[in-house]
Every structure is written in structure tokens, then in C-alpha cells.
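One chain, chain A, links the two complexes that follow: it is found with chain B in the first and with chain C in the second.
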Partner chain A sequence: MIMEGRRAFGFLLTIVIIFAIAPLMAILFYTFIKEGHVDISQFSRMFTHDRIWKTLGNSMVLGIFVIIGTTIIALPMAFIRTKTSLYQYEWLDIVLTIPFMTPPYIGSMGWILFMQHNGFLQQLIPSAAWMTDSFFSLFGMVVIMSLHLFPFLYLMLKNTLLRINGSFLDAALIFGRSSLQNWLKVVLPLLLSSYVLGSLLIFIKTLAEFGTPATFGSRIGFQVFTTEIHSYLSRWPVDIRMATSLSLFLLSVCLVIWYFQNLIGRKYTYGVLSGKTPARRELKDKWYIRTASWTFVGLVLLLSIGIPYFSIIVTSLQKVRGDGLQAGNFSLASYQEVFTSGSAGLTAFLNSIVFSIMTALITAIIGLFIALYIKKGETRKQQILDFFSLMPNIIPGIVFVVGLIMFWNAPWLPATIYNTKAMVIVTYCVLFLPYSVQYIKSSFSQLDASIFQSAAIFGRSNIAVYRRIILPLLMQGILTGMMMTFIISMRELVAGLLILPPSVETGATFIYSQFEQGNVGIGMAVAVITVLMTVIFMFLLGWLQKRGGQANA
Partner chain B sequence: MKKRHFKFWATAGILLALALAGCGNKEAKETNEASAKTQEEKVLTVYSAGPDGLAANIQQAFEEKTGIKVEMFQGTTGKILSRLEAEKNNPVADIVVLASVASMDGLKATDQLQSYEAAKNKDKINSDWSDQDGYFYGYSASALGIAYNTKNTTQAPTDWSDLAKADWQNKMNIPDPSLSGSAVDFLFGYTAAEKTAWSTIDSWKKNGLQVNGANKEALDAVITGEKNATIAGVDYMAYKAKADGEPVEIIYPTSGTVVSPRAVGILKDAQHVESAQAYVDFLLSDEGQKLVADAYLLPGNKDIAVKNRAALDEIPQLTVDWMGAEAKQLEVLTKFTDLFR
Partner chain C sequence: MKISLKNIEKKYGQSQALWPIDVELDQQFITILGQSGCGKTTLLKLIAGLEQPSKGEIRFDDTVIYSSGSRKNVKPNKRNIAMVFQDFALWPHMTIFQNIAFGLKGIIPKSAIPERVEHVMRLVKMQGYEKRKPGELSGGQQQRVALARALATKPQLILFDEPLSALDAVLREQMQDEIMHLIHELNCQAIFVTHDQTEAMTMSDQIIVMEAGRIAQIGSPEEIYRAPATPYVADFIGKVNWLHNRQSIVRPEGVSRISRPGTIAKQAQIVKSTFVGDRYLVQAQVEGQYWNFYEKQPLEHGKRLQVFIDEKQIYQLEGLH
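On to the complex of A and B.
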């Protein structure tokens, strides 16, 4: 069959190496080699700074608290969505993923505008002034990040609970334990492994997060790895070697966590997926369970969507920001300015769209080839390629960005894409390739071997098999992957901040720079437009997934 | 059979790779070609730490006047310096505009600039802000003052020491000097000229001074009423906000403040030297200087009238020598960040 054998492997590996591995090598090289000699003084210099230990401490503390925060939100939510009558509202799942799809820097800007001294909260409820001081602390940062990341953990827990629901509990019931014991001995242990995996992923995501620390964290003086790397690269005095050293350190921390995650994953994964589809039973709740569930869901939605979106929208509509919330202080002037043809905001937004579409297309093509080669990951080579292509998922984006800058500026390169728009697309492709690989792979894993066998029997040529049978069957996975890539590329901030060529801005960098230097109202207007488009795409995505059944559970 | 399909896919794959690489190379080639035919098709790459609006206006006016196409990268002084550092191996920028003369002087000291002594109008430009040998020209400046919210302030401050009073407790901020070139200039100039400066800064800290992002972020906190005053606020932003109807006013402390010049220079590795020189000429010309004044900045040419703001001689100034100041600025910055970390 095609996409097998050595040549295909070598070819795919070359692509992955040039685009994903070389940048990491460049970081290693830049950190340890100075004028042709191995020099570890750079790396060890890093550890003599108090600053690095403080940064490490901050990142770890933040990671742990965010795990706790997301658990508090995600665990009850997962139970509510599986064990109470709320299970039937499928739309809740889409709404609940909106916080994760909202660009994190926009979310935290919304929170800052809402909570700050004389912010919207104090204008609405003057007596709530005491909350401001307690919110602008580590606590507030954990709240914002937990509200952003919880959908991730929630979906993992919910899917596990759905699977346990059926036969396991029936069996436990038949063998006559009390319901409390059933819970302790059956459900909890089964849930635990997926909880640990999910929370480690949350930890890695927290370490890799740039948007919230850059906006909210800088406000409260809370530095983490990503912001430190960014500041060594963009603040005076510039220290590039320090940035690469820190990147290397962050990379190692993430790889260690990822290793543990694999270890746990392999040891404690139980086959909860049996052939039988869990039967749905009618659920009838007591009124107080119902009320409590709806209250909880409402509260989470209010905090994760309501407040940040309220602030963004109001700010984009304000005429004089110093006048606050007052009748007559609202106008569509910011939007008018954005939609004037050739305005900086509109150009930036359109740039984002072009970059994102290109990225979605290219990653879909490469992802398709890689997925076709990897199949179910049975041979060693397939596993290697699988590992490399999913690697950008566990390595923080900023590390790749630093590496890409170093690599494409290397003096020995005959030609470079640095300072061109192609650089942006290449960076996005490296960062977001895992999404399309994952979605296409999961689509592929649902194809039964019998499809290939019958196709072979009926004597079609290989190309025809692929064109007529496999591609159409994979199409849903490809499209879902493309949409996902598109949404994620639209919100990418740190790559844009560091690699955009002159005269080019993306929506994300535009919004960020308006907050830093320019007109916040216009920045927020672009934010509203971005977010609106994201939400529309998400509902399209939901519709697409539903059409294909349980394709990507 | 098998082998043939191999070949098919291998070729398809290679084509894909070429197409991908082509994406990059094509554009790279375009820039190369573009630079090859500078003479016919004039382009210029500018890295500017100017206020957004001004940089865009200058770009537009310059393009209309000369027909030279400008590629503009805007960022803070820090971002531009780091970009220059990262691109050392394949430089693209021709012109650099920084919000700090000390950093500009640092670029000159490390041999990254080229001299343009024949600049037109250079005699009219403030010589304190410019390099003697023509490596850079201080085409504009901002004065640093205390910007305060007029709605929430009953008594306006008059001097730096006022902000150590209880009225201002927890109600003031300062732009982060590692992000804002002008804030570094302020700290450097203030601590060099005033003996009591560090103790005043310490008293601000005790009174709850917050370090608050870049210039606009700090001023924004005052506009929305989160804080009441910004120390070392750049005045042109305050004037601009005031003109937009926001409740903001700026004062210059009576004991004197720092005027932070912004300078333009031509990079040594510039590929479009002629266009670059035209750009410098344009910035120093009366037309360019008027655009500067329209953005509420102080023009480098004193003869150009300022607009709705205090003129240079109305501002009580501390005397500061910017040349060779970069190393000392770094010391001040470190001391400040240690104090506030």
C-alpha cells in the first residue's frame, strides 16, 4: 500500500525534522556553542540568578493551583452532565468550550477591565470595592486561567464517566454492594487515571500559556517562564542566550512531566470502552438537585463567558472611557473606524484570516500524509513519526518560536524565510500540526480493515481506493482538524509578537498592542469581531461533528 | 505495481515539499530581487518606536512625496533592539527610530550605525539631542510629567515630592522602565541630576507606587480611574487623551523634569542608503517637523510651533547628558527593578 516503506518514511521524517526538530536543535546549539566551542557557562549562568528560581517557583505554584481550580469547576460539571437530567442538553458542551476557544489574553483583559479599581464591577456595585485588591493577586490569576482551561479537563472526565456508566455499574449493582461502595471501589479508581492524565495536561498547558501571564500577570508582577523568555527577547537590555537557556529549561520540565504522564497512562489505563454502547436511562432528579445543577452551570457560564465578554463589548462601545458606564456614553465609533477600508485593525484581522486558512490547508495535507503513514502506530517507525508530529503539543509554543527564529537566522542558510509572511505560516504549521494529525488519525482508526480488503478484492487501483473510498471517509476528520487549526491560529499571540515581518500585524498582535500603546476601544472592537467569528466557527464545528456521529469522542 | 505507486507518492511528496519551500523561497527571492533593483523600485525598511499615529502619518506623507515604498515595523525600543540583535546575520532594516537617545548612542558605540553628516536642515535640530558626527538626529522629544485624573483629584500635584503624601497612597503608577524607553530616560536623568532622587523614589514605593506596563497601559489606568496619577507619564499621550475628551491633565513638576528625545539613524548594513537619507531629510524638514508637532510631541526644530501643549522653554528641565549613558542607564534600571521586584 502507499505511504509505507522506507522512502515515504524518510520523506515525511525530513519534513518534520526541517520544520520541527531543527528549531529545537538551534536552541541547543545557541545555548551551548559559543564561537565554535562548547560553553556551558551560559546555561549555568542562568542558575546563579535568583530570578530563575523565583520564575520556576511561580510557574509550579501556578500550575498546581490551576489544577485545583479546574478540578473544582470541571469535576462537578462532568457529574452534572452525566448523572443528572442535564445530560440531554448537548448544546451545553459547545457553550462550555467557548471559554477555551476565547483567546486567553482577551479573556484576561476583560477581567482586568471588570475588576480593576473604578472598573465595571465597582461602577455597577460600588460596595464591591473590597474585591478589587483580593482579586489582583495570584488568586485572580488562578481564577482566570482555570476558567479558561477547565473545558479541557471537563471533556476528558465526562467522556470517561459516560463509558463507565453502563455495564460497570450494572455489574457492581448485581454483585450487591451499596451504592456508596460502588462509587468508592468502581467509579473513582476508573475515573482517577483519566483525571491524572487530564490534570498533567492542564499543568503543561498552564506552563505554556502566554496570554494571561502577559496581561494579568504583568499587572500583579507575577513572572512565569513564558513571560520571562519573552522579556529577555523584547525588553531592554536584550539577552538572547538567556532566552534560549530558559527555553531549554522549560522544554526539559515539560518533557519530564510528559514522561510521567506516559508512565501513568500506560500503567493505569483500564479498558473502559467495551463493545456495548452504554444504555441511556431516563433520569429524574429531585428538585433541589436540578436547581443546584442549573445554578452551578449558570454560575460557571457567568464567570467564564459573561463577565469577560461583557467587559470587552462595553469597552468597544464606549465613547469616553473616563466617563464609565453612563447612558449616552456609547457609540459604534470604534467599529466604524475598524471597518473603514484600509484601517490598521481591519488589515490585521484580514492578515490573520489569510494566515489561518493557509495554515489549515497545509497542516491538513501534511497531517493527512502523516496519519496515513502512522495508521495505528504498530511499527517502530510509525511510532517515531507519531511522536515527532505530536511533539509540538507538549512543547510550549514560545520554545518553538525562539527556536524557529534562531534556526532561520543561522548564517549558513543559503536562503531564509525570516522576515517574510511565509515565516509566519511555517511557524503556525509547526505549532498546530498536531491538531490535524490527531483528528485525521482518529478518523482513520475508525476505518475497519474490511474496507481495504473489499476494495482490494474488487480490484480497484490504489489511487482509486484512496480517492474514492478513504479520502471521503476521512473527510470529516480532515475538516474538523482544519477548523480547529483555523480557530487556534486566529488567536495565536506570542508567535506573532516575535516573528511578524515589518508592516504586518495579525489580529492578535493588533489587539495586544492597542492595549499596550494605542486605542483600547478599537482593540476591543477587533476582539469582539474575532470572538464572534470563533463562536460561529465553533457551532459549525459542533454541527460537523454531530453529523459524523461520535467521530471524535 | 507497488513500486510504481511508491514513485508516484514520492514524487507527489517531493512536489509538496518544494511547493512549501517555494512559499518561503519565493518571497525571500522577491525581497532579494527587490533589493537588486533598488534603483527603479525604491523601498525602505523602517523600524520605528514612534507613537503609532505619528509613524503612520510620516510614512504616508513620505511615500506621497518621494514615491518610496516604506515597510514599517513598529514596536517598543526594547523590541526593536532585540529584533536587530536577532537579525544580525541577515539584516533588513535601513532606518531605526528609537524613543531613547542613550540606546541610539549604544548602537553607534557598537558600530551599527552609519553617519549622515550632509543631512539637510540638521543645523536647526536641537544639538543636545543629536550626535555630533551625524550618526543620529533627535527629531522629536517628549517631556515626562505627572499625568492625573481630573475627576478624582481635588488638588493637583505640583512637585515630585507631593506624591509621597497620604492623598496619593496606592493611587499612582509608573510605566515599567524595562518596557518604556522614556521611563528609563526619566529614572536616569532624575537620579543623575537630583541627589535626593533615590530617597524620593523610595518614598513613592512606600506610598504604594505600582509599576504598570508600557506607557499607554500606565496612562490608561489613570484614564479609567483605576489610579489617579502616572509618574513619568509621556506628555504627548496625555495631551492626546485630553484632546479626545478624557478627564486627564499633565503637569511638569516645578523642581524640573526630564525631556526624553527620540532619535533617527541609518543602520550600517542598510541596503537602501539613498532612500534612507531621504527619510532622515524628510523627518528633519519643516513638513516632517509639523507632523511631529501635530502628534503633540516637541519638534526637534525649535522654530516649529507646538500644538495645544507646553513649548520646550516653558518646561522646567533637569540637565541631562545622554551621550554614553547606556551603561549607566542599565545600572539605574537594575537598581530600580531590584527595588520593586
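On to the complex of A and C.
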């Protein structure tokens, strides 16, 4: 077959090394080597600053609170969606992933517009003004980030609960003495491992998050790793070594957590999949359970989608922000301005689309080759490639961005793509390759070995086997991966802020800079267009996966 | 114990999983036999209390354990039953000891638990495995532990949901013997769901044959074999030779090549002979139907000969006259 043998391995490893490993090496090099000598003073200098300890403390506190916040939302939601009559509403899952897919900085902006002085809340309910001050604090930041990240934990918990539901629970019903005992002794322990895994991932994602700290955190003076790295690189005096040292520190923290996560995962993950798929039972709830469930779901949807989307849509439609929510104060002027040809907003938006499409295409091709090589990850080489290609998933994006800047600025490089648009695409590809690899791999793992064996026997040539059998079977995974990559490329902020060539903007950086400059209307118009596109793509994705599910059944 | 089902039916939305059933089961070893999707597991789960009937009443002796009329529904753990699952369903985070002790808490004094666990582990020949976790045992060992867990509470009724279908043939036969032995020795009742007719024949005192959500026949293995109620049952259980336009049957042992008084002669053409260990299974064409019978010697393909049917062994299916 095509993707076998040493040459394929060498080729793929080279690609991965150049794009994913070299940047990390560059960070190490810049941090520890000064004028050709090993020098750890740069790194240790970092720890003498009080600011670094403050940053570390902030990041940790934020991470822990966000774990608590996401748990408060995700855990009841997972139970509601598996144990009450609400289980039958599959559309809730798609709606519940909208907050996760909404670019975090746009969500934060929505909340800022809603809660700030003279914001929508005070216009709607003047007596709620006291909430403004208490919201612009760590509390508000935790709320915003939890509302953004909870779908991730929710889906993990829900899937585990669904799997426990089969004969494990039946057995508990028969042998257990009370339902409380069943919960404490059977359900919770089986749920625990996936909860711990999920919450550690939430922690890593919180540490890696840039959008919310940059928009909301900067207003309350709450710096975290990502914003500190950004400010060392973009504010005068620029201190590159400080940025690389911080990146390295952040990277180490994430790797340590990831290591523990793996350890726990290996030790406490059981095959919670009992052989039989649980038969769907009819569930009849008492009226108060149903009311409470719907209230909870409604509240979560209101807070995670309603408020931020309301704020950005209304802002984008307002003529004069100071005039507030009045009839006659609405127009499509901002959209007209955006859609005037040659406008800054439209150019930025189109740039995003071009970058995202290119990224989706390139990662799909590389991802396909890598997935075809990795197969089910049985040999050592396959595992190595698997690990490297998924690495960008656990390493915060900003660390890679810093590494890429360092690498492509290295003086010994004969040519560089730095300061060109190609640099943007390369960066996006490095950051988002894991998505395409994961989706194609999961499509691949659903194929039974007999498909390849029969293809090998009946196929006329390798090319024909790939073109007529394997590619069509993987197509769903490839398309899903491409759409995912497109969606997250469209919203990438920090890479754009740090590596875009002068006078080039993406939709994300445009929205960010308009918001920071107080020119909110046009920024929000672009934001609305971006999220609209995201939501449309998400429903397309949902449809594609459903169709794929039926085809496989 | 007498298990009575009165007008028990089960609907999932619009689809009827079980049509109204009226039976009384009082034998010791009862098998529910049927193909997949015939509703046999649903029936078992209704008795277990894991699913609720759409209508009807279930009694254990005189005690009502479910009644749609008086809205009574005794919880599974209060029915004094135990269950062995197809996929074992041992909780993976607990040790074997904890798995078995789980059902004993609150039933027997805490201090008596270790002794009881040891006792049932000895019954299923798994002493010494108490500290392991289910993931460290083989499939056959896990099924023994699952059986031990079911025996531990000394239930009056044990429900088996295709417990042996995940095991290989040798292990399966061995477990069949042991389960039968234990049920008789401990003097409790068993309801055993299976799709394997030999398993049902060898183990049970009473077989319920199910077809498409209905009970096709209830009876002892001999009754069902000798006098099947429907063509479906006749075809499903054992080998069958049809005659009189598919109105009567004769089993292979009623067919031979020796003419005796009280036999009917038929022309047969041999299709093939298959060695089945102690004898040959001969397939032949008789009046356009494929017949099976046993012979000491293989018969040549294409050979024409006469076979003789013992008239007493011809059974005419009821309702088909």
C-alpha cells in the first residue's frame, strides 16, 4: 500500500518535525542559548519577577475556578440529558455545542457589552446596576469561560453515562439495596475517571485560552500566561527571551498536567462499554423533575447563547450606541459599511476565508497521509507519528506561535516565510493539524480489517483501491475534519495578532482591534457574520455526521 | 414458586414488542427460546422489573409484584431475584469480592459476608480470585463470578439472559451442566433465555417457544419435540421431515430402511450422507421435500431406494387439518 515503509515514515516525520517540532526547539534554543553558550540566567531571571508568580497564581486560580464552573453546568446537564425525558431531544446537543464553537473573544465582548456601565442590562433593568461591579471581577471571567468551555465536559460525561446505562445499571438495580447506594458505589466511581480526565483537559484549555483574558481579563487587570506572553512580544519594550521563557514554563505546566491525565486515564479507565447497547427505555418524569430540567436547560442556553448573541447582534444593528435600546436607533448601516467593496472589514473577513480554506485543504491532505500511515497505531513508528501529530492539541496555541516566530526568524535560514501570508497558513496548519488527523483516524478505525483484506484481494491496483474504496469510506471523516478546521481557523485570534504581516488583518484581529478602539458597531457586524457562518457550518456538520451514522448502520 | 403472568403486554411507542401473554410457570428450570428479536429478553426484563409492562399483572405465588390496574410495581431489588447477564455486567471498578458483597449488604449481617462470598465462590469453583478485578479474568471466569453473585443472595428465582452465548462451545457445555446442577442442588428456580435450541432441550423442565412477540408453545422438551404446536416450532426444534402437504411431520428417528409391520413405504433419492460421529445423517428427496434420517452406513449420492415410516411416529399438526 502507499503509506507504508520507511520512506513514507521518513517523509511524514520530516513534515511534522519541520512544522511542529522545530518551533518548540526554537523556543528551547532562544531560552537557554545565548551567543552560542548555554545560559540559564534568562530562564531563572523570570522567577525573580514578582509578576511571574502573580501570573502563575492567576492562571492556576482561574483554571481551578473554571473547572468548578464547568462542573456546575455540565454535570447536571449530562444527567438531565441521560436520565430524564429530555434524552430524546437530540437537537439539544447541537445547540449546546454552539457556546463552545463561538469564538471566546466574541462571547466575552457580548458579555462586556451586556454588563458594562450603560450596557444592555442597565438599559433593560436599571436597578440591576449593582451587578456591574461585581461582574467585572474574577467571578465574571470564570462565568464567561465556564459558559464557553462546559460543552466539552458535558459531552464527555454524557457519553460515559450513556455507556454505563446498559447492564451495569441493570445489575445494580437487581442486586443493589437502594438507589442511593447504587449511585455512590456504581455510577459515580465509573463516572469519576472520565470526569477527572475532562476537568484536567478543561484546565489545560483554560491555561491556553487567549481570547477571554485578552478582552475581559485586560479590563479587570487579570493577567495570565497567554496575555503576558502576548504583551512581552507586542508592547514596548519587547522582551523576546522573557516571552520564550514564559512559553516554555506554560508548556511545561501543560505537559505535566497532561502526563497526570494520561496516568489517571490508564489506571482508572475501565471498559465501561458493556457489550450490549442499552435499550432505550421510555422515561416518564414527575412534573417537577421535568420543570426543573427545562428551567436549567433554558437558563444555561440563555446565559451561554442568549446574552452574548443578543449583545453582539443588537450592537451591530445600533446607529448610536449612546442612544440605547430605542425604536429608530436601529439600522443596517454597519453591515452596509462592512459589505462596501474594499472596506477594511470585508478585506479582513475575506482574508480569513482564504486562510481558512487553504488551511483546511492542506491539513486534510497531510492529515489523510498521516492517518493512513498511523492506521491503528500498532507499531512504534506509528505511535511516534501519532503522538507528534496530536501534540499541538495539548500544547497551547500561543506557545507554538511563539516557537514559529522564533524558528522562521532564525538567522541561518536561507529563506523565510516570516512576514508573508504563507506564514499565517503554516501557523494555522500546525495548530489545527490534530483536528484533521483525529477525524480521519476515527473514520479509519471504524473500518474493519476485512475491508482492506478484501480490497487487497479484489483490487486491481493500489491506486484503484485507494481511489475507489478507501477514500470514499474516509470521505466523511475528511470532510468533517475540514469543516472543523475551517471553523476554528476563522476564529483564531492570537496567531493573527502576533504573525500577520503589517497592514494585513483577519476577521478575528479586525473584530478585536475595532472593539479595543471602541468602534464597536462594525466590529460586531463582522462578529455576527463570523458566528453566523460558524453556526451554519455546525449544523452542516451535524447533518453530515448523522448521514454518516445512517450509512454505517 | 408459581410465576403468573396475566395479560402482560409491552409496547414501545407504536410497535408491539409483546402481544398479551397469559401463562403460569411453576417448573424449576424454565427456558424462553426464540430467535433474536422475538421478545424473549423483553419478557425476561418484565419479570425482572427492569422494564415495565404496558398492561397486565405479574404475581410470584400470591404476591402481586406488578399490576397496571392497581399501579403496583415492586422494585427489582425487592423481588428476591437475581440475574446473570449476557455480557456478565460485573462492575469493573470493584474487586470480585466487592462485586458479590454488593448485593449482600443489608441482607445478611456484615460479619457473615466474607463467609457467604467464600461459599458461593467455592460453588462456582473460583476460590482465590476474590481480590482480582473483573478485567483480569477470562470470559468464562467472569461468567462464573456473575453466577456466584447471583447465587449469593439465595434468591428464589434466578434469571439468565443468554448467559452462555459469549463463551466458546466447550466452555458452554461445561457451564450448562454446572448451572443445571447448582439450580437443582440449591433448589431455586431459573428462567433461562436462549436462542440455542439444544441448550433449551438439554437444560429445561419447561420451554416457552416465542415467535414475533407471541408465545408459540409451552411444554416440556419432549412435548415440544414430539408434538410441536406450529410449523414454526416444528422447524425450529430439531430436524423435521414433512409429509402430507406439510400437514404432518415425522422426526428422523421415525424413518428407517427396514420394513416392519405398521410402516409406510416411500420412494427416496439420496442427496448426501454426512458423518456426525456415531452414525451418518442422510439427506434424501422424498415427495419433493428434503428429508433427514440416520443410517449406520453412508448411502451413495443419487441412489434410489425405499424408506419406511413408523406410522405411530407421524404427528399431525393441530389446526392444520
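We adopt the following convention: the second predicted complex is superposed on the first by the 542 of 553 C-alpha atoms of A that agree within 3 Å, B and C clash if a C-alpha of one lies under 4 Å from a C-alpha of the other, contacts with A are read in each partner's own complex, and residues count from 1 in each chain.
We adopt the following convention: contacts are C-beta pairs under 8 Å (C-beta built on N, C-alpha and C of every residue); 3 or more make two chains touch, one makes a residue touch a chain.
These figures come from a predicted structure and were not determined experimentally.
S.K.: Between chain B and chain C, whom does A:240 touch in the aligned arrangement: first, second, both, or neither?
M.R.: Touch partner of A:240: chain B, not chain C.
S.K.: After superposing on the shared chain, does chain C or chain B touch more chain A residues?
M.R.: B
S.K.: Which holds for A:119: it touches chain B only (first), chain C only (second), both, or neither?
M.R.: It touches chain B, and chain C stays clear.
S.K.: With the two structures laid over each other on chain A, which partner does A:257 touch: chain B (first), chain C (second), both, or neither?
M.R.: Neither partner.
S.K.: Give one of first, second, both or neither to describe whether A:417 is in contact with chain B, with chain C, with both, or with none.
M.R.: The answer is first: A:417 touches chain B but not chain C.
S.K.: Is A:186 in contact with chain B, with chain C, with both, or with neither (first, second, both, neither)?
M.R.: A:186 contacts chain C only, not chain B.
S.K.: Quick one: classify A:173 as touching chain B (first), chain C (second), both or neither.
M.R.: Second partner only, chain C.
S.K.: Mind sorting out which residues of chain A both chain B and chain C touch, each in its own complex?
M.R.: Chain A residues touching both partners: none found.
S.K.: What residues on chain A touch chain C, complex-wise?
M.R.: 166-168, 170-178, 181, 185-186, 189-190, 268, 270-272, 274-276, 281-282
S.K.: Enumerate the contact residues on chain C facing chain A in the complex.
M.R.: Where chain C meets chain A, its residues are 12-13, 45, 48-51, 75-77, 81-83, 85-87, 89-94, 102-103, 105-107, 135, 149, 153, 166.
S.K.: Would you mind writing out the residues of chain B in touch with chain A in their complex?
M.R.: Listed in rising order, the residues of chain B that touch chain A are 5-6, 8-10, 13-14, 16-17, 20, 23-29, 31, 45-47, 51-52, 56, 70-79, 81-82, 85-90, 92-93, 103, 149, 151-152, 176, 178-179, 181, 184, 211-217, 220-221, 223-227, 244-248, 330, 333, 340-341.
S.K.: Under the touch definition given earlier, write down the residues of chain A that touch chain B in their complex.
M.R.: 2-3, 5, 7-8, 11-12, 14-15, 113, 116-119, 218-219, 221, 231, 233-238, 240, 319-324, 344, 362, 365-366, 369, 405-406, 409-411, 415-423, 425-426, 462-463, 500-503, 513, 515-518, 520
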